[in-house]
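Below are two complexes that have subunit A in common, paired first with subunit B and then with subunit C.
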Partner chain A sequence: MTAVAAKPAAGAAVDMPAMIIGIIILLVIIAATYFIVGPGLAFMALIGVIVGGILIGFGVHFVPVGGAPAAMGQAPGIATGVAMLAAGAGLAGLFGGAWAAQTTDNLLVIVITGAIGGGLMMAITCMFVTFIYVYGMGIPNASGKVAKDPITGDTQTEFKSQGTEGHGLPFVSYVGGVIGGLFGGAGGTLIYLMLLDVYKDELPAMMNALPAQILPIAISLAGIFAIGMFLVNAVLAAYNITGTIEGPHDPKFKRFPRAIVACATASALCGMVAIMIVAV
Partner chain B sequence: MVSIVFGIGITALAGALAAIAGAAENTESDIGSQGDPNSQVQLAPQMGYLHRIFNKAIAGEPPAWGLWIALGAGLAWAFMAMQINPILAIVLGAALATFVQGVYATTAYLGRTASLAKFGQPVFIDVLKSMTTVTMAHAFIAIFATVTVCHLMNAALGHPFPLPLLGLVWGIALGAAGSATGNPFYGKERQYQNQKYGAGVPIAASGNIVRYAEAGERNSLDNGWFSARLGGPASGVCFGLIVFLELWRTVLFEQIGAGWGAIIIGILIILVFTVIDRYIEVWARKNYGPYAKPEEASS
Partner chain C sequence: MTVKVEKIEGGMPHSTIMIAGLIAAVVLLYLTYANVLVGTEYFAFFGGLATVAALVWGSDTIKMLCSYGIGTGVPSAGMIAFGSGVIAMLFATKYGIAAPIVAVVLAAVIGAIIGYLANNVVNMRIPVMIQSLVEMAIIGAVVLMGYAAMMTGSFELTSLTTGNVSILGLSLPSYQASFLGGALIAAVFMLGAIAIQHPFNACLGPSWTQDRMLMLAAECGFLSMIVAAVMSMALISMSAALISLFVAVIGWYYTYTKYIELAHRDAAAWLDTKPIPELVEGQ
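On to the complex of A and B.
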C-alpha cells in the first residue's frame, strides 16, 4: 500500500484485536508478578503503578496542546509538546507529593497533594498563555473544534481570525489543562509512593543496612523510576493524540480507551522491572 | 516560628531566582529559535526565504532544559560531595552544563542548517560565533538560578529528592512553563511582524518570516531584544509563581490539618487563577471582537 492509498490513522476507532492483545499482555504480566513475588506488598505496588500509569495516560488527554501551530496563533492550545507539558505539570506534582510523604503516611493526602501540585502548575501556565495571547498579541481565544465553549457557552467561530484554526485557550481548554495536571500529578505521585514502599521494605535486607541508611537510595530510586514511568505514559498518550489536542471537547479525546490499555500494559511491564530489581 | 519565617524567606528567594531563570530561559530559547517557533525558521528556506536567524533546536525546550539543569545540579552535587563550598559548586556545575549547552547549540545549528543546503541556505560562521556565546550566557543564568532553587529546596527546606533529581524535575517544569508562555510571543509577534496585529498567522503565510531589520538583515540578537520585553519576563513571572506558590503553600500550610491545609490552599490558588483567566478571556472578547457575525463564520 502506498502512503497515498493508506487511510489516515487519526480515526477514533478502537482497534479491538490490538486492545485484546494489550489486555492479555497486561494480565500475563500481572499473573507473572503474582507468581514470582506472591500476594504481598510488592504485588500491590504493581497494581498501584498500573493505576498511576492509567491516571497519567488519561490525564494527558485533557491537556490542551497546540504544538508548533499554536506558537504562530494558527491553532488553539499551548505552544509546546503534549508529553513535555504533561511531564512538566506531573513532575511538579510529584515534587509536592514526595514532599508531603515526608510528613504524613496518609496515602490519600499525599496523592491529592501531588495532584494539586500538578494542577497548580497548569493553572498558572494556562493563565499566562491567555495573558500573552490577549495582552501581548491582541488575540482573543477561539476554539477550532467546537462552535460554543461547552462550559461558558461562549460562541467561538466569530473570534477566529482568518486563515487559522483558532487560537489561545478557550475556557474549556483551561479547565482541561488543570484537570490534566491534577491527574498527572496524582498518577506520578502514586507510582512514586508504591515504589518507595517496596524499596523501603526490601532494600535494608538486600543491602544489609539499617532502614535509615537506605532511605536516600530508596527515595532516589523511586523518584527516578517515577519520572521514567511518567515519561513512558505521557509519550504513549501523546502518540495516541497524534500531536495536538484542544482538551476534553476535542473529538480526539474519545481515543482515550486506547491510551488506557497501552499505558496500563506499559506501566505493568515497567513496574514489574522496577519491583523485580529488589523483590526477587 | 523561627523555622516558618526562615522557610518563607527561602521561599521568596527561590521564587525570585525562579523568575530570573524563567526570563533567561525564554530569552535563550528565542535567540536560538529553540521552541516551536523553530518550525518556521526551518521552514522559511524551504519556501524560498533565506535568513540569518540562529537555528539551534536541539530538542523540545522541556527535555533540553531537563538535561542541562540535571547536569548542572548533578555536577554541583558531586562538587559539594568533594567538600567544595555550595555556591562555588553550583557556579562550577552551571558553567560545565553551559559548555554542554554550547556544544549542542553549535552542532544543532550546523546540522540543521546543513540539512537545508539543497534550498540554498548558507551556514553563517559569524552567526554561529556571535549567537552561540549569547545563548550560552543566558543558559548559564538560567541553569545557575534553577540549580540554586533546587539546592535551597533540598538543603534549606528539606525536600527528600537529591539535587540531580530535583534538577531534572524543575528543569522540565522550567522548559514547559517557558515554552508555553514565551513561544507564541516570539513565534507570532516577532517572526511574523509583517502580519496583522491581533490575529493569528494565516496558515498560507507559513514560512514567510521577517528577515530584515531597520538596517541590514535581522539577526537573533534582535529577536532576543524583542522577546526580553514581554515573553521573557512573562515566562519568568510564570515560573517564579509556580515555584513560589508551590513552596509557599507547603511551607506555611503543610502542618495544618495533617496535610489538608496545603491541599485546600492549593485549590484556592487554582480557583484564583481560574477567575483571572476567565476575566482576561471575557475582557478580550469585549474589546477585540467579534471579527465576523456568528452565522457567517463558517471557515
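On to the complex of A and C.
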C-alpha cells in the first residue's frame, strides 16, 4: 500500500538554504572534532568516515531499486527496498574488507577488496533476479525511462508492456547495480577501517589492557558502527530517490548532490560520536 | 508536501503512547540498576520489558511516519532508527548511572539533525519527519540499551565489554565473552530492527486497527526477548537468564493469544487451516 499507491511528491528541486545549512552543520562538526581531538589519527578517521558516507550515498543511486512495483512486473529494477539491497551489498562488502584487514595493512587493498565484495554481491543478485524475471515470470527486460539502452544501444520501447513503466532488469541497470555495489562496499569498508584504527589505537590505554585482548571489542565496535552508519546513509539516499530508481540513466539520478550533502553531514555527526567514545 | 495515504483516526492519540512509552522504557531501564544496588543479576529482565515498552511506542511512531507514504518501504524506517540509535546508545554507556538519560538526549539530537537532513536537504517535506526520526533514534537507543541491560545485568560500558570465563573453576575476566566483544550487539540490533518494523508492515491497510498493531508489537518484542534471554545465558548467571526467559515466554504467550483474538475480531472471515492435513484411511 505505502509503496505502490503513494508515490511521494518530493520533487527534484534543490532547497538551496537547507543545503547551505547542511554544509554549515558539516563544517561545524568537523571544526568541533578538530578542536576536541586535535590533528591526528582520530581527526583523519572522521574525514575517512565522511568520505565513506559519501561513497555509500552516491553508490545507492546506481542500484536499480524496484520495490513492490518491480515484484509485480510493472517497473524495472530489483524487487525490494533500498534498505535491504544496500544492506546486502554493504554488509557483503564489509565482510570482504574485514577479511582483508586481517591479512594486510594496505588501505587501498582493503578498500578495493570491500568494493569487490559489494560488487560481487550485487552482480549475483542482479543475475538471479534476471533469471527469475525472464524464466520465472516470463517478462522481457525493458527500461521505461530511456528509448535506447545507453550501453548496448538496444531499443526498449517495443519490449515494454502497455501500462507499465518497463519491467525486468535492462543491461544498464545491471551495470549500475554492480557499480553501486562497488561504491557501497568501498564506503562501508572505509568507515569500518577508519574506526578500527582509532579503536585499536585508543582502547588499550582507555581500558588498561593489552592490544591483543582489546581486539575483539575494537572489531565489534567498529563493525556495529559501520553497519549503523551504512544503514543511516543508505536510508537517507533512499529518501532522496523516493524509493525507486532504474539506475544511472534514470532522471532521478541527477538528484545525487542532495544526498551527498545529507550523507556527508549525517556521517560526520555519527562519526564524531563514534570517535568521542574513545577520544574524550 | 506529500499526501497522507492512510487513515490515522481511532485509538489512542500518538502523544499519549509516546509519553507512556518513553517514561515506561526509562523507568524499566533504571529498575535494572537494582542489580548493582542489591548485588544480584535477577533484575535483568526489566531491561527486556523496557525494550517491549519502547517497541510498542516505536510501532506507533512508524505508523505515524509511514502513513505519509515515504516510498522506501516500512523496513527502512526501522533500519534508520537503529542505525542512529546504536551510536547514541554506545556513547551513552560511558556515563554510568546517567546512561539512559544521556542516551535519550543524545539520540534526540542525532535524530533531529538526521530528520532535518531528510526533511529539508533531501526535500522529503513530510510534516512529521523530524519528530518521527527524533522518536525513532530514541527508541533505537533505548531498545539496544534494554537488551544490553538484560543480557549483561548492567548498562555501563565496562560490563558490556568485560565478561567472565571460568576455566577449571577459576573465573577469569575475558573481553571476548562479553556483549560487545562477542558481537552480540549485532544480533540484538537486528532483533530490535525487525521487531520495530514488522507490526505496521503486517497490519497496514484499510482494516488497520491500532490495538491490534500495538498488541502485535508487544508480541514481537517478547519474541525478540525470548531470543535475547537465551543469548544472555552466556553472559549472566543461569538463574537470572531463566527468569528473563520465563517472563518473556509468559509475555509472549499472553500477547500472542490476545493478538489472535484481535485478529479474529477484525477479520471478515476466518478459515482455520490445519497445520498438516491428516491422511484419511482408504483414500
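The rule is short, and it goes like this: the second predicted complex is superposed on the first by the 270 of 280 C-alpha atoms of A that agree within 3 Å, B and C clash if a C-alpha of one lies under 4 Å from a C-alpha of the other, contacts with A are read in each partner's own complex, and residues count from 1 in each chain.
Operating definition for what follows: a residue touches a chain if its C-beta (ideal position, glycine included) is under 8 Å from a C-beta of that chain, and two chains touch if they have at least 3 such contacts.
From a predicted model like this one, the values you see are computed outputs, not experimental measurements.
Q: Under the superposition described at the top, does placing subunit B and subunit C together on subunit A give a clash or a fit?
A: After superposition on subunit A, subunit B vs subunit C: clash.
Q: Under the stated touch criterion, which partner chain does A:62 make contact with: subunit B (first), subunit C (second), both, or neither?
A: In the superposition, A:62 contacts neither subunit B nor subunit C.
Q: Using the touch definition from the top, say if A:244 reaches subunit B (first), subunit C (second), both or neither.
A: second
Q: Could you let me know whether more residues of subunit A are touched by subunit B or by subunit C?
A: The larger set of subunit A residues in touch belongs to B.
Q: Answer with first, second, both or neither: which of subunit B and subunit C does A:274 touch in the superposed model?
A: second
Q: Looking at A:256, would you say it contacts subunit B, subunit C, both, or neither? Reply first, second, both or neither.
A: A:256: touches no partner chain.
Q: Contact-wise, after the overlay, does A:199 reach subunit B, subunit C, both or neither (first, second, both, neither)?
A: After superposition on chain A, A:199 lies in contact with neither partner.
Q: In the superposed arrangement, does A:213 touch subunit B (first), subunit C (second), both or neither?
A: The second partner, subunit C, only.
Q: In the superposed arrangement, which partner chain does A:43 touch: subunit B (first), subunit C (second), both, or neither?
A: neither
Q: If you stack the two complexes on chain A, which partner ends up touching A:183: first (subunit B), second (subunit C), both, or neither?
A: So A:183 meets neither subunit B nor subunit C here.
Q: Is A:227 touching the first partner subunit B, the second partner subunit C, both, or neither of them?
A: both
Q: Out of 111-119, 147-155 or 201-209, where does subunit B run into subunit C after the fit?
A: 111-119
Q: Intersection of subunit A residues contacting subunit B with those contacting subunit C?
A: Subunit A residues touching both partners: 67-68, 81, 84, 87, 216, 219-220, 223-224, 227.
Q: For the complex, which residues does subunit B have touching subunit A?
A: Residues 35-40, 60-63, 158-162, 165-166, 168-170, 172-173, 175-177, 179-189, 191-192, 196-206, 230-231, 234-235, 237-238, 241-242, 245-246, 249-250, 254-255, 258-260, 262-263, 266-267, 269-270, 273-274, 276-278, 280-281, 283-285, 288-294, 296-299.
Q: Which residues of subunit A touch subunit C in the complex?
A: That would be residues 1-3, 5-11, 13-15, 18-19, 21-22, 25, 67-68, 81-84, 87, 207, 209, 213-214, 216-217, 219-221, 223-225, 227-232, 234-236, 238-240, 242-244, 258-259, 261-262, 265-266, 269-270, 273-274, 276-277 of subunit A.
Q: Which positions of subunit C touch subunit A when the two form their complex?
A: Within the complex, subunit C contacts subunit A at residues 1-3, 5-6, 66-77, 79-80, 82-88, 90-91, 94, 106, 110, 113-114, 116-118, 120-126, 158, 161, 175-176, 178, 180-183, 185-186, 189, 204-205.
Q: Considering the complex alone, what residue numbers of subunit A touch subunit B?
A: Touch residues, subunit A against subunit B: 67-74, 78-81, 84-85, 87-89, 91-92, 94-96, 98-104, 106, 109-110, 112-113, 116-117, 119-121, 123-141, 152, 154-155, 157-171, 174-175, 178, 216, 219-220, 223-224, 227.
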